[in-house]
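Two complexes are shown next, each including chain A; its partner changes from chain B in the first to chain C in the second.
Here is the complex of A and B:
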């Protein structure tokens, strides 16, 4: 295991990290929109949201990625692998994050929403200022967990031609005949990144807690 | 006398098969403190929640300062739901204080009081906070402005909740058992704030078990039992002997709530 090989792995880690973080962020926005749809009490919003969630939870991410990568060109959208990767990961994590948030939204005490109603908040105001922040605080640990899951699942995006940690490690292992030190290094990089996310998550959780009951 | 602050006409509220309120007719005069009393399950809280439009009446009509709340019903009983923005507009005339305070836990006291000013009334941040601070001062909590609800006692939380409602400058304040979730020693500070408010001439509708407060501050007492309004009138009349037998029976169970002063 030379420093040169390790540097190659670290470079690949940047694409793992970049793709994962962007997907988690986009997925979070979609998950919030899905939550708003589920809370809307209008079946024209609720049914598509439910369908979306069950589809992306029910189909393996690997199949989703392959489908997106092959389907988009057919309907006339030519996208580079990185876009297909981000779209696939985002939609998948959106479904899981929405499921995590659902419990949080259900636990927001009814009275807090009534207090917003009597103060003249619109439904959108209540969602943005009361429901979402409280649901987020209640489900934050689950969302950090989901971020870690996505970072690990991002190894699957190699199927759409992205060189990330796992793919790089495989390539290096077969060209250098040193699989054990290389896969061990890859494992170490994943472990360090995810520990950092967990640590940041715990820190954020604590400061959120300071600002609420 | 001009238009009453609140007029309730033939109000009925049913939940599935249970009738919670049956043919309630009541006028609440402007500038007066009106107390709704009665045993648990009598429908008094539901009536108050109808006034805040947190419950939708099954039939009948409520007007606030002469304007229909939620539904318009003509003399033939045909009713029509009013548009959402009009419902919000009529609702802004009332402020509500809840038994469980219902402060938003992720905002400070100042945030709770200024939020609706900023968001709903579009008051610039600095001015909204200044006005919120004035309300906190009024309930004696300006030095707790930066505290989160979890850092405040129950009595302080309820005073913040009163400030939050007052910040929107309502014409009418609705109180739903405002002291029922408080330790007896914290009840006094909340009742004092309410007394001050009454002295300023605020129209108040108060659902309460504090019979002493109702008798001393209330100017109109309404007694509900099993979803019906049994009688309503000034306290001197309602509490004078001989009393309605149902009220007498009710007061017997409330001697420790300040009703002993009426014995």
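Here is the complex of A and C:
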């Protein structure tokens, strides 16, 4: 294991980080839309949202990635592999985030929603200003966990040929014939990133608590 | 490209055998993980500081790194340290170790949920540690660990699809191979998704049923 090999892995880690961050952000937006749909009390919104969540939580991410990777060209959408990978990760994490947020939305006190209603807030306004911020604060630890899961799951995009830590490690392991040090280093990088996310999450959680007190 | 279910129907026996491998790997991995996870959690609780720290670190590393990397390390790295494993045993070991790490955390939370007073009461009555664990702590934590334990089982079923990458002949590997042989990749992946979806939904339902049953049990005794 030379420093040069390790540097290559670190460079690939930037790609892992980028893919994960973008997917988590897009996933969050979709999760909010799903949550709004679930809270809408209209079955034309609720049923598709439920189906979406159930499907993306019920099918292995690897299968989702393969599905998106084969489906997109068939329906005439030709995008680079990396876009397909991000779409796959985003849809998957959106379903999980929506499921996490559901618990948070359920525990927003009814009185607050009624108060907003009386104060003349529209439904959308109440959602953005009252329900979403409270639900977000309540489910923050679960969202940090989800970020860690996605970072780990992003290793699967190596299967569709995207260069990130895992793919780089695989290539290096087969070209240098030193799988143990290379895969162990890759594992170490993932572990360090995840520990950092967990640490940041706990820090943010504490300051959020301070804000609500 | 037309959607042609005929391709899939012709290959049903092969898909069935892939499904069989997935199911037994999954069940064995979960059962092995539950047993090993329980042992790890118990050792961490009663084994002293050093055991707790060492096992805790191993669990954190297993939980903080992708399953795929762990499998690669075992499958490609194993032979360098004299551990030549075929894909299936390698997959089974990998899945069991990975699930053990997660189940140990479930049981750790379970131990923490049992009131200290109950354990002290057991000690006052002269119960040995083994008796306290088997008659007080395990029955009391059973209800609390059931929902996360079932959730975890579902996650592991989906994680087992990753084993296709090291050529374990399970569902994902079998069906995508059929897809590329027959130039029917979309049909194959579609079937694959549906099959996993059904198993996950069924497991979820079963879990919820078991939970309802158990919670009635607790209320009737309380």
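Note that the second predicted complex is superposed on the first by the 212 of 213 C-alpha atoms of A that agree within 3 Å, B and C clash if a C-alpha of one lies under 4 Å from a C-alpha of the other, contacts with A are read in each partner's own complex, and residues count from 1 in each chain.
The definition used in the following text is that a residue touches a chain if its C-beta (ideal position, glycine included) is under 8 Å from a C-beta of that chain, and two chains touch if they have at least 3 such contacts.
None of these values were measured; they are calculated from a predicted model.
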Following the superposition defined at the top, how do chain B and chain C come out on chain A, clash or fit?
fit
First (chain B), second (chain C), both or neither: which does A:3 touch?
neither
Looking at A:57, would you say it contacts chain B, chain C, both, or neither? Reply first, second, both or neither.
second
After superposing on chain A, what angle in degrees do the C-alpha centres of chain B and chain C form at the C-alpha centre of chain A, to the nearest 10?
110
Please indicate which partner A:114 is in contact with in the superposed arrangement: first for chain B, second for chain C, both, or neither.
first
By the touch definition at the top of the document, which applies to A:169: first (chain B), second (chain C), both, or neither?
second
For A:133 in the superposed arrangement: first (chain B), second (chain C), both or neither?
first
On the A-aligned overlay, A:76 touches which partner chain: chain B = first, chain C = second, or both, or neither?
neither
With both structures placed on chain A, which of the two partners, chain B or chain C, ends up touching more residues of chain A?
C
Across the superposed arrangement, the tightest C-alpha approach of chain B to chain C, in Å, is 27
Shared chain A surface residues [contacts with chain B and with chain C]
none
As the complex stands, chain B meets chain A at residues 52-54, 88, 91-92, 94-96, 98, 100, 102-106, 115-116, 119-120, 148-150, 161, 164-165, 168
The residues of chain A that touch chain B in their complex are 109, 111-112, 114-122, 125, 129-130, 133-134, 137, 211-213
Seen from chain C, its contact residues with chain A in the complex are 1, 60-61, 64-70, 72-73, 76-77, 80-81, 157-162, 164-165, 172, 176, 185-186, 189-190, 192-193, 196-197, 200-201
What residues on chain A touch chain C, complex-wise?
54-55, 57-64, 66-67, 70-71, 74, 148, 152-153, 155-156, 158-159, 166, 169-170, 173, 179-180, 183-184, 186-187, 190-191, 194-195
